[in-house]
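Both of the next two complexes hold subunit A, though its partner changes from subunit B to subunit C.
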Partner chain A sequence: MHTRFLRGYRPRYQRTKKMSYAAAAFPAFVILSIQMVLLGSALLAATTDETGRWTLEHVSRVFADPLFTRGVLYNVIIPVTSVALEALVGVGMAFWFMSVRRRKMLWRTIAVVPFALPEIVYLLTMKLLFREHGYLNSLLVGSFGGSEVIHWLEPGSAVLTGTVILIDAWRVTPFVFLLVLAALEQLPESYAEAARVDGASRWLVMKRIQLPLILPVLGVALALRSIDAFRIFAAPLVLAGVEGLPVLSTVAYHYRTDMNDIAGGSVVALLLTAFLMCGTAAVIWSFGRWRRVS
Partner chain B sequence: MTVGLAVLALVNLGPISLVVRQALSPASESVRWPLEAVPRSLSWQNVQELWETHDVATRVTLSAWVGLASMLCCFVVGVPAGWSLGRWRAAKAAGTGGALLVRMIPPIAIALPLTSTLIPAGLYNHPWGFGLILAHVLTGTPIALLVSFAAFRDVPPELEEAAHVDGCSPLRAFAMIAVPAARGPLAGAAVILFLTSWDEFLYALMIQLTNRTMPPLLYYYTEYGQLGAASAMALVMILPAIAVIGFLQRFVVRSSYAGGVL
Partner chain C sequence: MHKFRMSGIRVRVQRMLLGVLVTLCGGATGSCNGPGSDHGNVTIAVALLPSEGAAYARILGEFSDSTGIGVELVAQQYQQIREALRAEAAAGFGELDVVEFDVYLLPDVATLVQPLDSLMHTLAGLREAVTADAWNAGVNLDSSRKVLFVPHRLNWQAMIYDAKRLVKPPQTWEDLRLLAQNRPASIGIKGARYEGLVCDFFPFLWQAGGEILDPRSPAALTALKFFSEIRSGIHPGSISFKENTVLQAQEHQEILLHFNWPFALPLLRSRGLLPGSIRSAPLPAGPHGSATVLGGGYLGVPRTAPHPIEAVRLLEFLTSETTQRRLLKELGWFPPRASAWGELDENLRQEAGGFIAMKDQVRARPLVQNYDKISVLWQTALAQVLFEGEDPEGALHNLSLSMDELGPRALTTQTQQSE
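And now, the complex of A and B:
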């Protein structure tokens, strides 16, 4: 009877518990594995020709396509600028919003609108506004006269890039704004008070006390948001079309849907995935280093 | 301060009023130049056209069905997994790491092989959207898992141990004790999953070619210049968003920070 309690023996309840945990986690494990299998299938499509042999012809074909090169360029410019803008405007808005005293909930709801709308609806509103015979040009022509309209969404122009960056950044700024505002509201009043007692101006309090304290929250939000920004798809597609402002997701979509080139599409999609994985790894590694140091 | 708030209201609410204006004005208003902010005549023409010609009722039903079905499936798969990771220390890192890793994959990289797989399986462009439901479950499960993981960490395991003393098995304890204890965050996650599916664009565009849900349909209307119909449909799409806008705002911040969800 004493042998029942030797090392290695687990009471029945422990065994049942472990089995229940495994059973509960199993369907999710299957779902997650399916996605890895699909990625593997894409890798296969990207690196084999019709006979099934290993080949790099799809990769070289894609690299030679100017649409792909433009896609890479825009896929770097747009997310980087967009996230930078979101950070600046979001943090600025949060600090400014701290001095709103009345009806805070109403104004917060209004501020959140671009992020809460479905993305395609938000893009429709922006298209109505920015297209050649849209409301913004109508307003400008109506106020300033003349017949020249600004081609905000002219394919291949810098104005288009700027407009798309602005539209995409404005959609996500409420997210950064809400996060930073929540972090600011949770800061204890005593820090800012102590600084003010020592004679610090409001700007100095903001820069030296509040900003460093919310930096962890902001860092995580921006890291998550950057990774999502590189996956941008709907905004360039709806506002400019694939040829007008290519990014890697739309280029892959174009290869698959318009040109029936599954291999080419897989190459582009996998390159984007690899880039995102490296980026995530880099972010996690530097975040870990920063936490250990500070 | 007041100026700033007024500008904020204008920039955020203005475009929506433009959609309303576009939806409720006849086509003749759109060819006038320059366009006027307040149309000279209103008409239900766009809404009528949507209802009769474009068969919008089927689209709304399909979107709602896909949203509901994918939300339920994500829950069935993700919530028990989140619970088990919350309680099982050995698998916690691997499970949450795996979920986060899968979340980082760009949708296009999954959509391309998925469409190639769905076609022989007969689920491509299915009238009841089963292929799309599968796609949404693939993307939604990591979210459900991470949110429920964060939620169940706040539920003390002592409750389940106390239940065991009374003879309750672990799975029964999960269903009858842990889930009701975490129903707040889980309800929020349900809303988020439904809305994510309702608004989802990329998979819907690639998988449902003719039996479309609303987001790709809106895109096609915009592409082919039928802005009146697009705006009317956009108003229908906004309704669930409006219904939860105040609730969502508070919840998104808290749970996205806790669960690493965007």
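And now, the complex of A and C:
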């Protein structure tokens, strides 16, 4: 009966399927075309001179700029550290949350607030908090005395890099936290119970049973975050300015807007695009490989 | 039968949807017809602060009342106006009738606007009323010397300082040097690599007797050495400071003084800091006296303007003495017409005292074809000296070599060209 039902509806189902493919193909084609045009125009601007002749002068000029070199360096340091921190804190928070019994909704809301705020509002609030005469230094001076303040946002300093990583990670950790928490809540309680009956400690249950079971979800969350983290823009720009803590996107923005250098900006933007495409491919490949192996 | 009726309804619904789709497409195409798609309103794009919008719109409203020409105000930043104008020029048609640009952007957009010589009847009178420096900034750089832009408002830099913690602001280079020694990290410089950095330095170059196009002169070395000497007094955040961020540092008492444009005054007033804890003062004078840098908004009519005649009438209105007086009174914008200054309001005198005191020491940046490239070279040299500890002599040597590479045409001023 069931088979007959399906067989009867198959042609219609297949027709709908074909139509949905066609419907999806058109916007995909349009979006891809626009992207190709944008990439093409950036490539043209980056590799031609004022007379339209082919040149690598813009590329060599950008590569010789210390701002660009620093941008590449920070574009690796910040995302890698930030994603690692998010994974650690997000998973930790999710496990802690599983043990919370009272006011669960309140804690969940508090945890999600940084992610729910508009990015610019969040970053400006953080700037007020961390600036030289900001709330945090006032609190520290008020609590511990003295007159020396910590220069959280001093351009070029390691403290600034740490502060930006912390602020960026804090904003998006709820994303990892929520996904991991959802995965944890879906796990049958019987697995952990069985392990506990066999004498496993809470740590062992977490390490040997729960963590391996949520790894696919954690992998997806971290893959998405890694791709997003390499596009970092607003946090270093608002908190430190372009020269204070350059990353590739802010360096491209600086060339384009402050220096009116379309060619230089295009070179950096193209490199960032290539960087992102390679990174995305690597993440997808390693995630697929890991799934096949596991 | 039932099935037949259903398919009939479906066909009808499909036809109706198709009709709606065609109508919408038709409407969309109609709205993209380019020139003449609006109803005769003049569209003006001006760089305004949010606090200035209402007063400026009121003044434009009076123009509409007296002429019957509607005005649509687009408040945007100069860079965005430039992008819009470039897009319109590429398309061959546009919506903007009047555009305002900062003085340093004028050579960059000169080809996108139309000459005003034959269009604007009040041009001769305005020319008489404006200083030569302010007028020449709007004149085309080629030999035709056509007027492309007219000054709408003028700006120049002055010192903004914390009057509570700094009883007497530095009046000379020596005072500034002493302040840098005694109060480390107390001076804010707009040190991000952009036009603002050279606007902070060029007054000092002129005060030393130097010129922007002559980096080999001893005066250029004197000025750069002076900046190198006050390094200890410069706030480390200066490396990324721009107009707004340096002002925020001043508001949060992270610096004692900085150099900025008059746009800072209404912002400080709105926060209750002016007049009171923060004041303005003239820039510290150097060995060759005092000088400051000319800025300001200039108006032009795009080549693609759909209503050029009405646009020119608006230009005439905005540059008239009556309107200039109102702009000074209501928005604190410094008028290009000397006669529009008139008797100054006591509040304005108190708040903008430092700026007004520098009115006669304003100097324009050189009007040369490659000014943007020359500016970038100076920015690089300054950043090297201020933030990388480079020797001023070495930085100037590199700057001179790079400037030589630009060729003699790049260094030919407008006056030399007209000769």
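Going forward, the second predicted complex is superposed on the first by the 265 of 294 C-alpha atoms of A that agree within 3 Å, B and C clash if a C-alpha of one lies under 4 Å from a C-alpha of the other, contacts with A are read in each partner's own complex, and residues count from 1 in each chain.
Operating definition for what follows: a contact is a pair of C-beta atoms (placed from the backbone, for glycine too) under 8 Å apart; a residue touches a chain by one contact, two chains touch by 3 or more.
Nothing here was measured: the structure is a model prediction, and the numbers come from that model.
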| item | value |
| --- | --- |
| Fit or clash - subunit C, subunit B, common subunit A | clash |
| Partner chain in contact with A:Phe29 - subunit B first, subunit C second, else both or neither | first |
| Partner chain in contact with A:Glu154 - subunit B first, subunit C second, else both or neither | second |
| Touched partner set for A:Arg61, first subunit B, second subunit C, both or neither | neither |
| Touched partner set for A:Met259, first subunit B, second subunit C, both or neither | second |
| Touched partner set for A:Arg196, first subunit B, second subunit C, both or neither | neither |
| Which superposed partner A:Tyr135 touches (first subunit B, second subunit C, both, neither) | first |
| Which superposed partner A:Ala182 touches (first subunit B, second subunit C, both, neither) | first |
| Subunit C versus subunit B, contacts on subunit A by residue | B |
| Which superposed partner A:Val242 touches (first subunit B, second subunit C, both, neither) | second |
| Common interface positions of subunit A, toward subunit B and toward subunit C | 133-134, 257 |
| Residue ranges of subunit B in contact with subunit A within the complex | 1, 4-5, 8-9, 11-13, 15-16, 18-19, 22, 33-37, 76-78, 80-81, 83-85, 87-88, 91, 95, 98-99, 101-102, 104-110, 112-117, 137-138, 141-142, 145, 164, 169-171, 174, 195, 198-199, 201-202, 205-206, 215, 218-219, 222, 227, 230-231, 234, 237-238, 241, 245-246, 248-249, 252-254, 256-257, 260, 262 |
| Complex contacts: residues of subunit C adjacent to subunit A | 79, 108, 191-195, 236-237, 239-242, 245, 249, 252-254, 372, 376, 383, 387 |
| Residues of subunit A touching subunit B in the complex | 13, 16-18, 20-25, 27-29, 31-32, 34-36, 38-39, 41-42, 45, 96, 99-100, 105, 107-114, 116-129, 133-135, 137-139, 141-142, 170, 175, 178-179, 182, 217, 220-221, 224-225, 227-228, 230-231, 233-234, 237-238, 248-249, 252-253, 256-257, 262, 265-266, 269-270, 272-273, 276-277, 280 |
| Touching residues on subunit A, where the partner in the complex is subunit C | 67, 131-134, 151, 153-156, 240-244, 254, 257-260 |
